[in-house]
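In what comes next, chain A is part of two complexes: it sits with chain B in the first one and with chain C in the second one.
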Partner chain A sequence: MLVMSAFTIALSIVYFGGAGLYASSINAQLMPASDSAASIVASTIAIQNGNSSQAWSSWVPSADPSAYGLLQGTGVYINATCFTVNNGQVTVLWSRATPTSVTGAAGRADRFIVLDDGTAVRLEVLVR
Partner chain B sequence: MKVRRLSPTPTKDRRGISMVYDAVFACIILFVGMALAASSLPPAPPRSAPDLQGYATSLLVWMDSKGILAPYVYTQDSAGLASVLDELAPAGYCVKVYSPNWVLLWTYTSPSFDAGNAAASQPYPLSGYRGVPDPKIVVLLLSK
Partner chain C sequence: MERPLVRILLVGTLLAVSVSFASLVYVQGQNFATAARQASASSAAYAVAGAVVSAAADAKVQGLPVSSVVLFSQPMAVTAGGRTVTVSPGGTGRAVNSTITLTVPLNITAVSVTALALNVTAYPDGTVCLVRA
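The block that comes next holds the complex of A and B.
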(Lines of atoms letter the chains of each structure in order from A and count residues from 1; the text may use other names and numbers.)
(Lines give C-alpha, C1' and ligand atoms only; values in the text may rest on other atoms or scores of the structure.)
Protein backbone atom coordinates (compact mmCIF):
# COMPACT_ATOMS: atom_id res chain seq x y z
CA MET A 1 0.00 0.00 0.00
CA LEU A 2 2.80 2.36 0.97
CA VAL A 3 4.71 1.52 -2.19
CA MET A 4 1.69 2.17 -4.38
CA SER A 5 1.02 5.48 -2.64
CA ALA A 6 4.61 6.61 -3.13
CA PHE A 7 4.48 5.56 -6.75
CA THR A 8 1.19 7.40 -7.31
CA ILE A 9 2.62 10.57 -5.75
CA ALA A 10 5.75 10.33 -7.87
CA LEU A 11 3.65 9.73 -10.98
CA SER A 12 1.49 12.74 -10.17
CA ILE A 13 4.52 14.97 -9.70
CA VAL A 14 6.03 13.83 -12.98
CA TYR A 15 2.72 14.16 -14.81
CA PHE A 16 1.86 17.64 -13.62
CA GLY A 17 5.48 18.79 -13.80
CA GLY A 18 5.71 17.58 -17.39
CA ALA A 19 2.41 19.19 -18.32
CA GLY A 20 3.52 22.50 -16.78
CA LEU A 21 6.88 22.35 -18.53
CA TYR A 22 5.20 21.63 -21.85
CA ALA A 23 2.69 24.45 -21.39
CA SER A 24 5.38 26.97 -20.45
CA SER A 25 7.47 25.88 -23.42
CA ILE A 26 4.57 26.32 -25.83
CA ASN A 27 3.76 29.71 -24.29
CA ALA A 28 7.37 30.81 -24.74
CA GLN A 29 7.30 29.66 -28.37
CA LEU A 30 4.09 31.58 -29.04
CA MET A 31 5.14 34.75 -27.21
CA PRO A 32 6.76 36.45 -30.25
CA ALA A 33 3.53 35.84 -32.19
CA SER A 34 1.53 37.40 -29.36
CA ASP A 35 3.94 40.34 -29.29
CA SER A 36 3.39 40.81 -33.03
CA ALA A 37 -0.38 40.65 -32.59
CA ALA A 38 -0.19 43.27 -29.84
CA SER A 39 2.00 45.42 -32.07
CA ILE A 40 -0.61 45.18 -34.86
CA VAL A 41 -3.33 46.33 -32.47
CA ALA A 42 -1.21 49.21 -31.16
CA SER A 43 -0.28 50.31 -34.66
CA THR A 44 -3.92 50.12 -35.79
CA ILE A 45 -4.99 52.40 -32.94
CA ALA A 46 -2.08 54.77 -33.55
CA ILE A 47 -2.89 55.02 -37.27
CA GLN A 48 -6.61 55.55 -36.61
CA ASN A 49 -6.04 58.42 -34.22
CA GLY A 50 -2.76 59.80 -35.53
CA ASN A 51 -1.40 62.66 -33.47
CA SER A 52 -4.71 64.49 -33.29
CA SER A 53 -5.61 65.39 -29.72
CA GLN A 54 -9.28 65.63 -30.71
CA ALA A 55 -9.30 62.13 -32.18
CA TRP A 56 -7.66 60.73 -29.07
CA SER A 57 -9.95 62.55 -26.66
CA SER A 58 -13.04 61.07 -28.36
CA TRP A 59 -11.52 57.63 -28.81
CA VAL A 60 -12.97 54.68 -26.88
CA PRO A 61 -10.84 51.53 -26.64
CA SER A 62 -12.45 48.36 -27.93
CA ALA A 63 -11.57 44.87 -26.75
CA ASP A 64 -13.22 43.25 -29.78
CA PRO A 65 -10.43 41.29 -31.51
CA SER A 66 -12.20 41.38 -34.89
CA ALA A 67 -11.82 45.16 -34.91
CA TYR A 68 -8.06 44.60 -35.27
CA GLY A 69 -8.19 41.60 -37.60
CA LEU A 70 -7.52 39.08 -34.83
CA LEU A 71 -9.31 35.77 -34.33
CA GLN A 72 -12.41 35.61 -32.17
CA GLY A 73 -11.56 34.48 -28.67
CA THR A 74 -8.31 36.42 -28.59
CA GLY A 75 -8.04 38.43 -25.40
CA VAL A 76 -7.20 42.09 -25.96
CA TYR A 77 -6.44 44.62 -23.25
CA ILE A 78 -5.80 48.27 -24.08
CA ASN A 79 -4.74 50.96 -21.67
CA ALA A 80 -4.08 54.51 -22.81
CA THR A 81 -3.02 57.44 -20.65
CA CYS A 82 -2.57 61.03 -21.77
CA PHE A 83 0.10 63.12 -20.04
CA THR A 84 0.98 66.75 -19.95
CA VAL A 85 3.55 68.78 -18.04
CA ASN A 86 2.54 71.60 -15.72
CA ASN A 87 5.25 73.55 -13.88
CA GLY A 88 7.74 70.76 -14.39
CA GLN A 89 5.37 68.10 -13.07
CA VAL A 90 3.95 65.30 -15.19
CA THR A 91 0.18 65.13 -14.78
CA VAL A 92 -2.42 62.77 -16.19
CA LEU A 93 -5.06 64.39 -18.40
CA TRP A 94 -7.14 61.29 -19.00
CA SER A 95 -6.84 57.53 -18.89
CA ARG A 96 -8.93 54.90 -20.66
CA ALA A 97 -8.79 51.13 -20.63
CA THR A 98 -10.84 48.17 -21.73
CA PRO A 99 -12.89 46.72 -18.87
CA THR A 100 -11.15 43.40 -18.42
CA SER A 101 -7.46 42.76 -18.28
CA VAL A 102 -5.69 39.80 -19.84
CA THR A 103 -4.52 37.17 -17.40
CA GLY A 104 -1.42 35.05 -17.73
CA ALA A 105 1.46 35.40 -20.16
CA ALA A 106 0.51 37.79 -22.92
CA GLY A 107 2.09 39.54 -25.86
CA ARG A 108 2.73 43.20 -25.25
CA ALA A 109 3.26 46.33 -27.31
CA ASP A 110 3.79 49.90 -26.15
CA ARG A 111 3.62 53.18 -28.00
CA PHE A 112 4.44 56.70 -26.95
CA ILE A 113 2.63 59.17 -29.20
CA VAL A 114 3.23 62.92 -29.07
CA LEU A 115 0.03 64.80 -29.95
CA ASP A 116 -0.43 68.06 -31.81
CA ASP A 117 -1.26 70.03 -28.67
CA GLY A 118 1.96 69.06 -26.90
CA THR A 119 0.49 66.32 -24.77
CA ALA A 120 1.54 62.70 -25.10
CA VAL A 121 -0.27 59.37 -24.97
CA ARG A 122 1.18 56.20 -23.52
CA LEU A 123 -0.53 53.24 -25.18
CA GLU A 124 -0.22 49.75 -23.75
CA VAL A 125 -1.69 46.71 -25.52
CA LEU A 126 -1.77 43.15 -24.19
CA VAL A 127 -2.90 40.25 -26.39
CA ARG A 128 -3.39 36.66 -25.35
CA MET B 1 -0.79 -38.55 -0.03
CA LYS B 2 1.06 -36.01 1.92
CA VAL B 3 0.69 -32.44 0.64
CA ARG B 4 3.56 -30.15 1.29
CA ARG B 5 2.39 -26.62 2.12
CA LEU B 6 4.76 -23.81 1.69
CA SER B 7 4.91 -21.12 4.27
CA PRO B 8 3.28 -17.88 2.91
CA THR B 9 5.69 -15.55 4.60
CA PRO B 10 8.77 -15.81 2.32
CA THR B 11 6.64 -15.52 -0.86
CA LYS B 12 4.80 -12.49 0.49
CA ASP B 13 8.09 -10.82 1.43
CA ARG B 14 9.54 -11.54 -1.97
CA ARG B 15 6.45 -10.10 -3.64
CA GLY B 16 6.62 -6.97 -1.48
CA ILE B 17 10.29 -6.44 -2.26
CA SER B 18 9.57 -7.03 -5.91
CA MET B 19 6.89 -4.31 -5.83
CA VAL B 20 9.35 -1.87 -4.26
CA TYR B 21 11.88 -2.60 -7.00
CA ASP B 22 9.16 -2.21 -9.63
CA ALA B 23 8.04 1.13 -8.21
CA VAL B 24 11.58 2.47 -7.94
CA PHE B 25 12.38 1.30 -11.44
CA ALA B 26 9.17 2.88 -12.80
CA CYS B 27 9.99 6.18 -11.04
CA ILE B 28 13.49 6.15 -12.50
CA ILE B 29 12.05 5.60 -15.99
CA LEU B 30 9.56 8.44 -15.47
CA PHE B 31 12.19 10.90 -14.27
CA VAL B 32 14.63 9.95 -17.03
CA GLY B 33 11.85 10.34 -19.60
CA MET B 34 10.92 13.73 -18.19
CA ALA B 35 14.57 14.84 -18.21
CA LEU B 36 14.95 13.72 -21.83
CA ALA B 37 11.74 15.50 -22.82
CA ALA B 38 12.87 18.67 -21.07
CA SER B 39 16.29 18.57 -22.74
CA SER B 40 14.73 18.10 -26.17
CA LEU B 41 12.53 21.21 -25.90
CA PRO B 42 13.76 24.00 -28.15
CA PRO B 43 14.92 27.14 -26.33
CA ALA B 44 12.46 29.99 -26.30
CA PRO B 45 13.28 32.60 -28.94
CA PRO B 46 14.19 36.02 -27.56
CA ARG B 47 11.33 38.53 -27.50
CA SER B 48 11.94 41.31 -29.93
CA ALA B 49 11.24 44.82 -28.75
CA PRO B 50 11.48 47.08 -31.80
CA ASP B 51 8.57 49.19 -30.56
CA LEU B 52 10.48 50.07 -27.40
CA GLN B 53 13.25 51.76 -29.36
CA GLY B 54 10.78 54.19 -30.91
CA TYR B 55 9.04 54.57 -27.57
CA ALA B 56 12.27 55.51 -25.81
CA THR B 57 13.31 57.98 -28.49
CA SER B 58 9.87 59.65 -28.57
CA LEU B 59 9.87 59.85 -24.79
CA LEU B 60 13.26 61.60 -24.68
CA VAL B 61 12.19 64.05 -27.40
CA TRP B 62 8.95 64.84 -25.59
CA MET B 63 10.61 65.25 -22.20
CA ASP B 64 13.18 67.62 -23.69
CA SER B 65 10.49 69.61 -25.50
CA LYS B 66 8.68 70.00 -22.17
CA GLY B 67 11.87 71.06 -20.41
CA ILE B 68 11.93 68.17 -17.95
CA LEU B 69 14.93 66.27 -19.30
CA ALA B 70 17.87 68.66 -19.04
CA PRO B 71 17.29 69.71 -15.39
CA TYR B 72 17.40 66.11 -14.19
CA VAL B 73 20.34 65.17 -16.40
CA TYR B 74 22.55 68.15 -15.55
CA THR B 75 21.81 68.10 -11.83
CA GLN B 76 22.10 64.30 -11.78
CA ASP B 77 18.78 64.19 -9.99
CA SER B 78 18.13 60.49 -10.35
CA ALA B 79 15.22 60.57 -7.89
CA GLY B 80 13.44 63.27 -9.87
CA LEU B 81 14.14 61.49 -13.13
CA ALA B 82 12.84 58.25 -11.65
CA SER B 83 9.61 59.91 -10.51
CA VAL B 84 8.97 61.06 -14.09
CA LEU B 85 9.99 57.84 -15.81
CA ASP B 86 8.02 55.71 -13.35
CA GLU B 87 4.91 57.31 -14.83
CA LEU B 88 5.95 57.49 -18.45
CA ALA B 89 7.98 54.34 -19.08
CA PRO B 90 6.11 51.11 -19.82
CA ALA B 91 8.09 48.98 -17.38
CA GLY B 92 11.76 48.90 -16.37
CA TYR B 93 14.18 51.54 -17.62
CA CYS B 94 17.81 52.58 -17.49
CA VAL B 95 19.17 56.06 -18.21
CA LYS B 96 22.75 56.49 -19.32
CA VAL B 97 24.40 59.90 -19.70
CA TYR B 98 27.58 60.19 -21.74
CA SER B 99 30.03 62.92 -22.55
CA PRO B 100 30.45 63.85 -26.24
CA ASN B 101 33.40 61.41 -26.28
CA TRP B 102 31.13 58.59 -25.12
CA VAL B 103 32.53 58.46 -21.62
CA LEU B 104 29.82 57.27 -19.27
CA LEU B 105 29.17 60.07 -16.77
CA TRP B 106 26.37 58.57 -14.75
CA THR B 107 23.60 56.07 -14.99
CA TYR B 108 20.40 55.22 -13.22
CA THR B 109 18.63 51.87 -13.41
CA SER B 110 15.15 51.13 -12.13
CA PRO B 111 14.73 47.99 -10.02
CA SER B 112 12.44 46.36 -12.57
CA PHE B 113 14.80 46.84 -15.51
CA ASP B 114 15.56 43.64 -17.42
CA ALA B 115 18.74 44.08 -19.45
CA GLY B 116 18.17 40.84 -21.34
CA ASN B 117 14.89 42.06 -22.77
CA ALA B 118 15.54 45.71 -23.48
CA ALA B 119 15.85 48.16 -26.32
CA ALA B 120 17.76 51.44 -26.40
CA SER B 121 16.71 54.79 -27.77
CA GLN B 122 18.63 56.68 -30.38
CA PRO B 123 21.39 58.71 -28.71
CA TYR B 124 19.78 62.00 -27.75
CA PRO B 125 22.09 65.04 -27.59
CA LEU B 126 21.68 67.86 -25.07
CA SER B 127 23.56 71.07 -25.78
CA GLY B 128 23.62 72.54 -22.29
CA TYR B 129 21.66 73.81 -19.35
CA ARG B 130 20.62 77.34 -18.34
CA GLY B 131 22.57 78.93 -21.16
CA VAL B 132 25.83 77.17 -20.33
CA PRO B 133 27.12 75.04 -23.20
CA ASP B 134 27.79 71.56 -21.86
CA PRO B 135 27.02 68.89 -24.45
CA LYS B 136 25.92 65.51 -23.20
CA ILE B 137 24.38 62.44 -24.79
CA VAL B 138 21.44 60.66 -23.18
CA VAL B 139 20.46 57.09 -23.95
CA LEU B 140 17.29 55.60 -22.51
CA LEU B 141 16.90 51.83 -22.34
CA LEU B 142 13.46 50.31 -21.82
CA SER B 143 12.52 46.75 -21.02
CA LYS B 144 9.20 44.94 -21.17
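The block that comes next holds the complex of A and C.
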Protein backbone atom coordinates (compact mmCIF):
# COMPACT_ATOMS: atom_id res chain seq x y z
CA MET A 1 0.00 0.00 0.00
CA LEU A 2 2.90 2.27 0.81
CA VAL A 3 4.33 1.65 -2.64
CA MET A 4 1.00 2.44 -4.29
CA SER A 5 0.70 5.69 -2.32
CA ALA A 6 4.25 6.65 -3.28
CA PHE A 7 3.41 5.85 -6.92
CA THR A 8 0.33 8.11 -6.85
CA ILE A 9 2.26 10.93 -5.17
CA ALA A 10 5.09 10.58 -7.74
CA LEU A 11 2.54 10.67 -10.56
CA SER A 12 1.01 13.83 -9.10
CA ILE A 13 4.43 15.49 -8.95
CA VAL A 14 5.20 14.47 -12.55
CA TYR A 15 1.78 15.64 -13.70
CA PHE A 16 1.81 19.09 -12.10
CA GLY A 17 5.52 19.59 -12.80
CA GLY A 18 4.87 18.68 -16.45
CA ALA A 19 1.91 21.06 -16.61
CA GLY A 20 4.12 23.91 -15.31
CA LEU A 21 6.86 23.14 -17.81
CA TYR A 22 4.27 22.92 -20.57
CA ALA A 23 2.80 26.34 -19.72
CA SER A 24 6.23 28.03 -19.73
CA SER A 25 7.18 26.27 -22.97
CA ILE A 26 3.99 27.39 -24.76
CA ASN A 27 4.49 30.95 -23.47
CA ALA A 28 8.08 30.94 -24.75
CA GLN A 29 6.86 29.84 -28.19
CA LEU A 30 4.00 32.33 -28.39
CA MET A 31 6.00 35.42 -27.33
CA PRO A 32 7.92 35.61 -30.66
CA ALA A 33 4.54 35.17 -32.39
CA SER A 34 3.31 38.32 -30.61
CA ASP A 35 6.37 40.22 -31.88
CA SER A 36 5.68 38.95 -35.42
CA ALA A 37 1.99 39.90 -35.10
CA ALA A 38 3.03 43.41 -34.04
CA SER A 39 5.38 43.53 -37.05
CA ILE A 40 2.47 42.45 -39.32
CA VAL A 41 0.32 45.33 -37.99
CA ALA A 42 3.10 47.95 -38.33
CA SER A 43 4.08 46.74 -41.81
CA THR A 44 0.44 46.58 -42.98
CA ILE A 45 0.00 50.23 -41.98
CA ALA A 46 3.30 51.11 -43.70
CA ILE A 47 2.18 49.37 -46.93
CA GLN A 48 -1.23 51.08 -46.85
CA ASN A 49 0.23 54.58 -46.41
CA GLY A 50 3.66 54.17 -48.02
CA ASN A 51 5.72 57.35 -47.73
CA SER A 52 2.87 59.60 -48.83
CA SER A 53 2.39 62.48 -46.38
CA GLN A 54 -1.16 62.92 -47.73
CA ALA A 55 -2.07 59.30 -46.93
CA TRP A 56 -0.59 59.55 -43.44
CA SER A 57 -2.32 62.85 -42.65
CA SER A 58 -5.77 61.35 -43.33
CA TRP A 59 -4.95 57.98 -41.69
CA VAL A 60 -6.90 56.94 -38.58
CA PRO A 61 -5.41 54.10 -36.49
CA SER A 62 -7.69 51.08 -36.00
CA ALA A 63 -7.43 48.60 -33.11
CA ASP A 64 -9.59 46.03 -34.96
CA PRO A 65 -7.38 42.89 -35.24
CA SER A 66 -9.28 41.59 -38.29
CA ALA A 67 -8.09 44.66 -40.25
CA TYR A 68 -4.59 43.17 -40.06
CA GLY A 69 -5.48 39.47 -40.49
CA LEU A 70 -5.12 38.72 -36.75
CA LEU A 71 -7.49 36.60 -34.67
CA GLN A 72 -10.51 38.23 -33.03
CA GLY A 73 -9.79 39.02 -29.39
CA THR A 74 -6.19 40.03 -30.08
CA GLY A 75 -5.40 43.32 -28.34
CA VAL A 76 -3.81 45.92 -30.63
CA TYR A 77 -2.39 49.28 -29.57
CA ILE A 78 -1.03 51.74 -32.13
CA ASN A 79 0.76 54.99 -31.40
CA ALA A 80 2.05 57.13 -34.28
CA THR A 81 3.86 60.46 -34.15
CA CYS A 82 4.70 62.63 -37.15
CA PHE A 83 7.51 65.08 -36.65
CA THR A 84 10.01 67.25 -38.44
CA VAL A 85 13.54 68.25 -37.51
CA ASN A 86 14.72 71.81 -38.25
CA ASN A 87 18.13 73.02 -37.06
CA GLY A 88 18.19 70.27 -34.43
CA GLN A 89 14.74 71.28 -33.19
CA VAL A 90 12.11 68.50 -33.18
CA THR A 91 8.58 69.70 -33.92
CA VAL A 92 5.69 67.26 -33.47
CA LEU A 93 3.15 67.83 -36.27
CA TRP A 94 0.56 65.32 -35.10
CA SER A 95 0.22 62.32 -32.85
CA ARG A 96 -2.47 59.61 -33.04
CA ALA A 97 -3.14 56.52 -30.95
CA THR A 98 -5.84 53.91 -30.48
CA PRO A 99 -7.95 54.58 -27.37
CA THR A 100 -6.76 51.77 -25.07
CA SER A 101 -3.30 50.40 -24.49
CA VAL A 102 -2.64 46.68 -23.99
CA THR A 103 -1.51 45.52 -20.56
CA GLY A 104 0.96 42.83 -19.54
CA ALA A 105 3.61 41.17 -21.70
CA ALA A 106 2.99 42.19 -25.30
CA GLY A 107 4.71 41.82 -28.66
CA ARG A 108 6.19 45.03 -29.93
CA ALA A 109 7.20 46.51 -33.29
CA ASP A 110 8.55 49.97 -34.12
CA ARG A 111 8.85 51.58 -37.54
CA PHE A 112 10.38 54.80 -38.65
CA ILE A 113 9.29 56.12 -42.05
CA VAL A 114 10.59 59.21 -43.85
CA LEU A 115 7.76 60.80 -45.85
CA ASP A 116 7.85 62.49 -49.26
CA ASP A 117 7.57 66.01 -47.77
CA GLY A 118 10.64 65.56 -45.57
CA THR A 119 8.74 64.86 -42.36
CA ALA A 120 8.95 61.47 -40.58
CA VAL A 121 6.58 59.10 -38.80
CA ARG A 122 7.46 56.95 -35.81
CA LEU A 123 5.03 54.04 -35.49
CA GLU A 124 4.80 51.98 -32.31
CA VAL A 125 2.61 48.83 -32.20
CA LEU A 126 1.86 46.59 -29.22
CA VAL A 127 -0.01 43.30 -29.67
CA ARG A 128 -1.21 40.91 -26.98
CA MET B 1 -11.23 -11.75 8.71
CA GLU B 2 -12.35 -8.14 8.35
CA ARG B 3 -8.88 -6.61 8.25
CA PRO B 4 -7.60 -8.56 5.20
CA LEU B 5 -10.83 -7.71 3.36
CA VAL B 6 -10.48 -4.01 4.14
CA ARG B 7 -6.84 -4.16 3.06
CA ILE B 8 -7.77 -5.82 -0.24
CA LEU B 9 -10.47 -3.21 -0.84
CA LEU B 10 -8.06 -0.37 -0.08
CA VAL B 11 -5.34 -1.77 -2.34
CA GLY B 12 -7.89 -2.36 -5.12
CA THR B 13 -9.20 1.19 -4.84
CA LEU B 14 -5.70 2.66 -4.81
CA LEU B 15 -4.77 0.51 -7.80
CA ALA B 16 -7.85 1.72 -9.71
CA VAL B 17 -7.08 5.34 -8.82
CA SER B 18 -3.45 4.91 -9.92
CA VAL B 19 -4.42 3.31 -13.23
CA SER B 20 -6.98 6.00 -14.02
CA PHE B 21 -4.49 8.71 -12.98
CA ALA B 22 -1.81 7.19 -15.21
CA SER B 23 -4.26 7.15 -18.16
CA LEU B 24 -5.18 10.78 -17.44
CA VAL B 25 -1.49 11.77 -17.39
CA TYR B 26 -0.93 9.93 -20.69
CA VAL B 27 -3.93 11.57 -22.42
CA GLN B 28 -2.98 15.01 -21.06
CA GLY B 29 0.59 14.45 -22.23
CA GLN B 30 -0.68 13.71 -25.73
CA ASN B 31 -2.83 16.86 -25.62
CA PHE B 32 0.11 18.92 -24.39
CA ALA B 33 2.33 17.59 -27.20
CA THR B 34 -0.32 18.45 -29.83
CA ALA B 35 -0.80 21.93 -28.33
CA ALA B 36 2.98 22.49 -28.31
CA ARG B 37 3.22 21.47 -31.99
CA GLN B 38 0.28 23.78 -32.78
CA ALA B 39 1.99 26.66 -30.93
CA SER B 40 5.20 25.93 -32.84
CA ALA B 41 3.31 26.00 -36.18
CA SER B 42 1.50 29.20 -35.18
CA SER B 43 4.73 30.88 -34.11
CA ALA B 44 6.47 29.90 -37.38
CA ALA B 45 3.49 31.05 -39.48
CA TYR B 46 3.53 34.45 -37.77
CA ALA B 47 7.32 34.64 -38.27
CA VAL B 48 6.95 33.98 -42.03
CA ALA B 49 3.95 36.31 -42.43
CA GLY B 50 5.74 39.02 -40.40
CA ALA B 51 8.85 38.72 -42.56
CA VAL B 52 6.77 38.82 -45.77
CA VAL B 53 4.81 41.96 -44.80
CA SER B 54 7.85 43.66 -43.29
CA ALA B 55 9.95 43.10 -46.43
CA ALA B 56 7.03 44.20 -48.63
CA ALA B 57 6.60 47.39 -46.58
CA ASP B 58 10.32 48.21 -46.80
CA ALA B 59 10.30 47.49 -50.56
CA LYS B 60 7.33 49.79 -51.08
CA VAL B 61 8.72 52.65 -48.97
CA GLN B 62 12.28 52.39 -50.40
CA GLY B 63 11.23 51.52 -53.97
CA LEU B 64 13.84 48.74 -54.05
CA PRO B 65 13.77 44.92 -53.65
CA VAL B 66 14.28 43.92 -50.02
CA SER B 67 15.42 40.50 -48.73
CA SER B 68 15.36 38.91 -45.30
CA VAL B 69 15.85 35.43 -43.85
CA VAL B 70 13.52 33.55 -41.49
CA LEU B 71 15.14 30.89 -39.30
CA PHE B 72 13.11 28.05 -37.75
CA SER B 73 14.01 25.95 -34.71
CA GLN B 74 13.04 22.79 -36.64
CA PRO B 75 12.29 21.99 -40.30
CA MET B 76 8.97 23.55 -41.34
CA ALA B 77 6.78 22.78 -44.33
CA VAL B 78 5.76 26.14 -45.79
CA THR B 79 3.03 26.49 -48.41
CA ALA B 80 2.29 29.98 -49.64
CA GLY B 81 0.53 31.70 -52.51
CA GLY B 82 -1.39 34.92 -53.10
CA ARG B 83 -1.86 36.41 -49.64
CA THR B 84 -1.91 33.14 -47.66
CA VAL B 85 0.87 31.44 -45.69
CA THR B 86 0.46 27.93 -44.20
CA VAL B 87 3.14 26.36 -42.00
CA SER B 88 3.33 22.88 -40.46
CA PRO B 89 6.17 21.46 -38.37
CA GLY B 90 8.21 18.85 -40.29
CA GLY B 91 7.29 15.27 -39.48
CA THR B 92 3.67 15.99 -38.57
CA GLY B 93 2.44 15.27 -42.11
CA ARG B 94 0.63 18.63 -42.21
CA ALA B 95 -1.85 17.28 -39.63
CA VAL B 96 -0.87 20.23 -37.42
CA ASN B 97 -0.69 23.51 -39.29
CA SER B 98 -1.31 27.22 -38.99
CA THR B 99 -2.59 29.50 -41.75
CA ILE B 100 -2.42 33.29 -41.88
CA THR B 101 -4.19 35.32 -44.55
CA LEU B 102 -2.76 38.79 -44.94
CA THR B 103 -5.04 41.76 -45.56
CA VAL B 104 -2.60 43.83 -47.62
CA PRO B 105 -2.50 43.66 -51.44
CA LEU B 106 0.48 41.32 -51.85
CA ASN B 107 1.17 38.56 -54.34
CA ILE B 108 3.27 35.76 -52.86
CA THR B 109 4.60 33.55 -55.66
CA ALA B 110 3.16 30.04 -55.15
CA VAL B 111 5.64 27.83 -53.26
CA SER B 112 5.71 24.62 -51.21
CA VAL B 113 9.01 23.85 -49.44
CA THR B 114 10.28 22.17 -46.29
CA ALA B 115 13.20 24.08 -44.83
CA LEU B 116 15.09 25.21 -41.72
CA ALA B 117 15.55 28.68 -43.17
CA LEU B 118 13.59 30.70 -45.70
CA ASN B 119 14.74 33.56 -47.88
CA VAL B 120 12.07 36.25 -48.32
CA THR B 121 12.45 38.73 -51.18
CA ALA B 122 9.87 41.48 -51.70
CA TYR B 123 9.61 43.81 -54.69
CA PRO B 124 8.13 47.33 -54.79
CA ASP B 125 5.18 46.12 -56.94
CA GLY B 126 3.98 43.86 -54.07
CA THR B 127 5.38 40.58 -55.41
CA VAL B 128 7.04 38.39 -52.76
CA CYS B 129 9.20 35.28 -53.40
CA LEU B 130 9.93 32.64 -50.78
CA VAL B 131 12.81 30.22 -51.41
CA ARG B 132 14.74 27.76 -49.25
CA ALA B 133 17.82 29.55 -47.82
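Going forward, the second predicted complex is superposed on the first by the 100 of 128 C-alpha atoms of A that agree within 3 Å, B and C clash if a C-alpha of one lies under 4 Å from a C-alpha of the other, contacts with A are read in each partner's own complex, and residues count from 1 in each chain.
Methods note: a residue touches a chain if its C-beta (ideal position, glycine included) is under 8 Å from a C-beta of that chain, and two chains touch if they have at least 3 such contacts.
The shown structure was predicted, so the numbers you read here are calculated from the model rather than taken from an experiment.
Peer 1: Using the touch definition from the top, say if A:Val60 reaches chain B (first), chain C (second), both or neither.
Peer 2: In the superposition, A:Val60 contacts neither chain B nor chain C.
Peer 1: Taking the superposition on A as described, I'd like to know which of chain B and chain C A:Gly17 touches: first, second, both or neither.
Peer 2: So A:Gly17 only meets chain B here.
Peer 1: First (chain B), second (chain C), both or neither: which does A:Gly88 touch?
Peer 2: In the superposed model, A:Gly88 contacts chain B only, not chain C.
Peer 1: With both complexes superposed on chain A, which partner does A:Arg108 reach: first (chain B), second (chain C), both or neither?
Peer 2: In the superposition, A:Arg108 contacts chain B only.
Peer 1: Could you look at A:Ala33 and tell me whether it touches chain B, chain C, both or neither (first, second, both, neither)?
Peer 2: A:Ala33 contacts chain C only, not chain B.
Peer 1: Once chain A of both complexes is superposed, is A:Gly69 in touch with chain B (first), chain C (second), both, or neither?
Peer 2: So A:Gly69 only meets chain C here.
Peer 1: Could you say whether A:Arg122 touches chain B, chain C, both of them, or neither, answering first, second, both or neither?
Peer 2: Touch status of A:Arg122: first partner only.
Peer 1: Does the superposition put A:Thr44 against chain B (first), chain C (second), both, or neither?
Peer 2: Only chain C is touched by A:Thr44; chain B is not.
Peer 1: Mind sorting out which residues of chain A both chain B and chain C touch, each in its own complex?
Peer 2: 4, 7, 11, 14, 18, 22, 25, 29, 32, 35, 39, 42, 111, 113
Peer 1: Applying the document's contact rule, which stretches of chain A touch chain C when the two form their complex?
Peer 2: Its residues touching chain C are 1, 4-5, 7-8, 11-12, 14-15, 18-19, 22, 25-26, 29-30, 32-33, 35-37, 39-40, 42-44, 46-48, 50-51, 66-69, 111, 113.
Peer 1: Write out the stretch or stretches of chain A touching chain B in their complex.
Peer 2: Residues 3-4, 6-7, 10-11, 14, 17-18, 21-22, 25, 28-29, 31-32, 35, 39, 42, 83, 85, 88, 90, 92, 108-114, 118, 120, 122, 124 of chain A touch chain B in their complex.
Peer 1: Using the touch definition from the top, list the residues of chain B that touch chain A in their complex.
Peer 2: Residues in contact with chain A: 16, 19-20, 23, 26-27, 30-31, 34, 37-38, 41-42, 44-45, 47-48, 51-52, 54-55, 58-59, 61-62, 65-68, 71, 84, 87-88, 90, 142, 144.
Peer 1: Considering the complex alone, what residue numbers of chain C touch chain A?
Peer 2: Of all residues in chain C, those touching chain A are 7, 10-11, 14-15, 17-18, 21-22, 24-25, 28-29, 32, 35-36, 39-40, 42-43, 46-47, 49-51, 53-54, 56-57, 60-61, 100-106.
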